[in-house]
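In the two assemblies presented below, chain A is common to both, partnered first by chain B and then by chain C.
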Partner chain A sequence: MTSEQKGWKEIPIAGVCWRPATDYLTGDWKTLKPVRDKEKCNKCLICYMFCPDGAVTWDPEIEDIGFNLDYCKGCGICAVECPKKAIEMVHE
Partner chain B sequence: MASKWKFTTKDLAEKPEILMSGHRACAGCGPAIVYRQILKATRGPIIATNATGCMEVVSTIYPYTAWSIPFIHTAFENVAANAAGIETALKALKKKGQLKYDHVDVIAFAGDGGTYDIGIQALSGAAERGHDFLYVLYDNEAYMNTGIQRSGGTPHGAWTTTSPAGRVIPGKPEYKKPIADIMVAHGIPYVAAASPAHWRDLITKARKGLEVNGPAFLHVIAPCPRGWRYDTSKTIEITRLAVDTCVFPLWEAIDGEYALSAPSKVIALKPERKIPVKDYLKVQGRFRHLFTPEFEHVIDEIQQIIDRRWKRLLKKCDMA
Partner chain C sequence: MAITKQNLLALNGDEAVAYAVKQSDVDVVSAYPITPQTIIVERFSEYVHNGEVDTEFVCVESEHSALSMCLTASATGVRVFTASGSAGLALMHEILYVTSGARAPVVMAIVNRALSGPINIHCDHSDSMVERDAGWIQIYVENSQEAYDSIIQAFRIAEHNDLLIPTMVMLDAFVLSHTLESVNVLPDETVRKFVGTRRIPLVRGHRGKLVPFKLDPENPITMGPLDLYDYYFEHKRQQEEAMQIAPRIIKEVHDEYARISGRKYGNGLIEPYRLEDAEIATVCLGSTAGTTKTVVDQLRTKGIKAGLLRLRTYRPYPVQDIVNALENVEAVAVMDRSHSFGAHGGPVFHEMRHILYEASIHPQIVDYIYGLGGRDMPQTLIHEIYRDLQKIVKTKRVEKPIQFIGVRE
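Showing the complex of A and B:
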């Protein structure tokens, strides 16, 4: 993932991390991906609260939920916890 | 002490993410959920510090960092001392007029290894000195980061690599240390037990812990799919079972006065809602060996311990 590595003269001292983790896409870990049935979903955001990876997104402008598959690791918590059973895990 | 803070799920969703995506926790990680929920309770500028443990490793793999706030990684044993130092430094800066914020919250995170075993002396000292910080213990009940070794937080009968279940010993022979009660005994203003399945309760407790003036201790159960041996999608389900079986009852102690929180209060008022502990054990692979004829008696033993601890808690809450 790290194509441009800094040399020892450029890196900050004391082991300070200088790249945001969002540069590292964990989405390729998954074998199952969540698919949402928009008809059933009532946007309660419970999937958002239970996602370990912050991969469930909320867009306040269009007031809708989305999945950021760049980071989703496919654990399936959202599908199990959805009170409306609106999320299904399918093979990629 | 009641927090005046009210929130809706949308408020939380619109708050910027402090633990960013791209951290390398396993799929279905319980502690990652706990962190995300607690960091939704913040009220302004914060500094976080983390003892060595799973969440420190996965969130700051060099050169990446998942933290969008100032974050300091410390050794296993001194996260509370570190938080105390941060808080004192902030106080000194404020005295000199060099702090541009009115107040900065300090949160110390540690796992069960960094709290029950290695970090307890620093924690005890910081609590005794009365530093104003929130200490969050995410309890995944073993040293998961180094490969599932038993800790003081591992429950009786659980399999780990250093308390293996064989023909002679049925997993860990010792019992879980009541760490939150030890913290209440320190006489600190706020101690609470919470679970990510009841996220509204957890976020409110985290906020109370930040608002209180003095040390606050939050004990949060955080299942680990790798170490507890269950399917990644069951993390929240298992936490809910832990509360419903009274394995991990939810309560808070404000200035030493115990009170049950809503999900456990329901069980106290309607005891028929209490589920047998067997249901909690059978969904986890680390207790699989207990479901053999030779070790079946251990399940009854666990049930007895849980019942005894639950009764004792009810007495403390004046609900017996």
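Showing the complex of A and C:
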């Protein structure tokens, strides 16, 4: 047990979360990460809509997508759903 | 505070419970019928139908769903009641733990009925005894008057912000549930004032702010998500801490209620009966205590120093109260209305002997398993137990520490 973990007197009752889910970098679960072929990608945003963790990002300034690897669990749904086969899952 | 003027009604135990719930300003009731609890829910659904209560009554398809419904309703911060017993309670088993772990102060009436098989609808305590470890407060009542009084108290106890422990009130099948009794009921407004509205404590939510401990779209919180080896143990430790505080709260609520109703049940945790100078005593829960008190009175007229200790609260277990009440008694017989097969006696006996191990002087303690499946426990059999105790005191020897009484050989 690490020293950062709180004792029973400090934490809220009943398992109420006292930190937001974004504090937990679930991206470290993955063994595969998405790699996009920018030539094939037509920015249709299907991957953005299908990602269960909201780890596909859209930057309106540069009008391009990206992957937030802090939260990408490497499930590969984006790669399967991509109509252009522009995403490949590769070992980290 | 003066004792409130009350109405005397003819109610059976189930009706007394339903009446108490009706007066306690309950927001949600969800239950599934099981004999001998059915009358509670039937009466209450009549109150709902007649518009006598402002309660949402949710019909469900099983007890598992009934308690799940109650748990989630309670998580929104409202007052919730349900009732069950026997196989119905067994089907709730999983959700009992979820409810206590979620600190949802649901109040439940249990009409104690044997567990199958063979199938049996009559009284014993095997259904609630197996749930003693589920993290609920357990109160066993002696008569229908106490059932009425205890249900009202249970809302105050369960919802106390230092506790937030779901509470079950046990009454014996048929002996209480279906037997008409004179029950004094308080005026509606007195009960409503006593129970008040449910108060909600603050917890630190995921946005780092203190927010009300309830599911509320305005202040969203996440309750009871995955809790592994890193924090589950801490949450269980918190539950135990609340249980350690519970005896004090149970006593306080009991005393406050006594001041308005004029009715006391010992100190709210245990009820000693003619124990001060007793040499021999029995220990029991529930309606058998009524019969035993009569036997004790008969023995006392013959100069036999007999007494009784009734456990009203079984969880939390009132350790020091029991030790103080029994340590000067020479021989004690525990009456267990359930059995743990293959164990050394019944569950009440286990803990009774266990805690007295630490007492300065300990009495001889024996166990009598009785009344399984509604088998009657008449005065004659209770006299037999006291005769055995007299023999133990005289000979200073226990021949059979565990016996089954009232069963044919």
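The working rule: the second predicted complex is superposed on the first by the 76 of 92 C-alpha atoms of A that agree within 3 Å, B and C clash if a C-alpha of one lies under 4 Å from a C-alpha of the other, contacts with A are read in each partner's own complex, and residues count from 1 in each chain.
Here is the rule we go by: contacts are C-beta pairs under 8 Å (C-beta built on N, C-alpha and C of every residue); 3 or more make two chains touch, one makes a residue touch a chain.
Owing to the predicted nature of the structure, the values given are computational and were not obtained by experimental measurement.
In the superposition on chain A, contact of A:I11 is made with both chain B and chain C.
When both complexes are overlaid on chain A, the residue A:A21 reaches chain B and chain C alike.
When the shared chain is aligned, chain B comes close enough to touch A:G54, but chain C does not. Look at A:P83: by the touch rule set out above, it reaches neither chain B nor chain C. Within the superposed three-chain arrangement, the count of touched residues of chain A is higher for B, of the candidates chain B and chain C.
Touching of chain A by both chain B and chain C, each in its own complex, is seen for residues 6, 11, 15, 17-21. Partner chain A is touched in their complex by these residues of chain B: 9-10, 12-14, 17, 19-30, 32-33, 36-37, 59-60, 62-66, 68, 196, 199, 225, 231-237.
Across the complex, chain A meets chain C through its residues 1, 5-8, 11-21.
Of all residues in chain C, those touching chain A in their complex are 101-103, 164, 203-208, 213, 221-225, 227, 230-231, 234-235, 237-238, 241.
Only residues 2, 6, 11, 15, 17-26, 29-30, 44-46, 48-55, 58, 60, 68, 70-71, 73-77, 79-81, 89 of chain A touch chain B when the two sit together in their complex.
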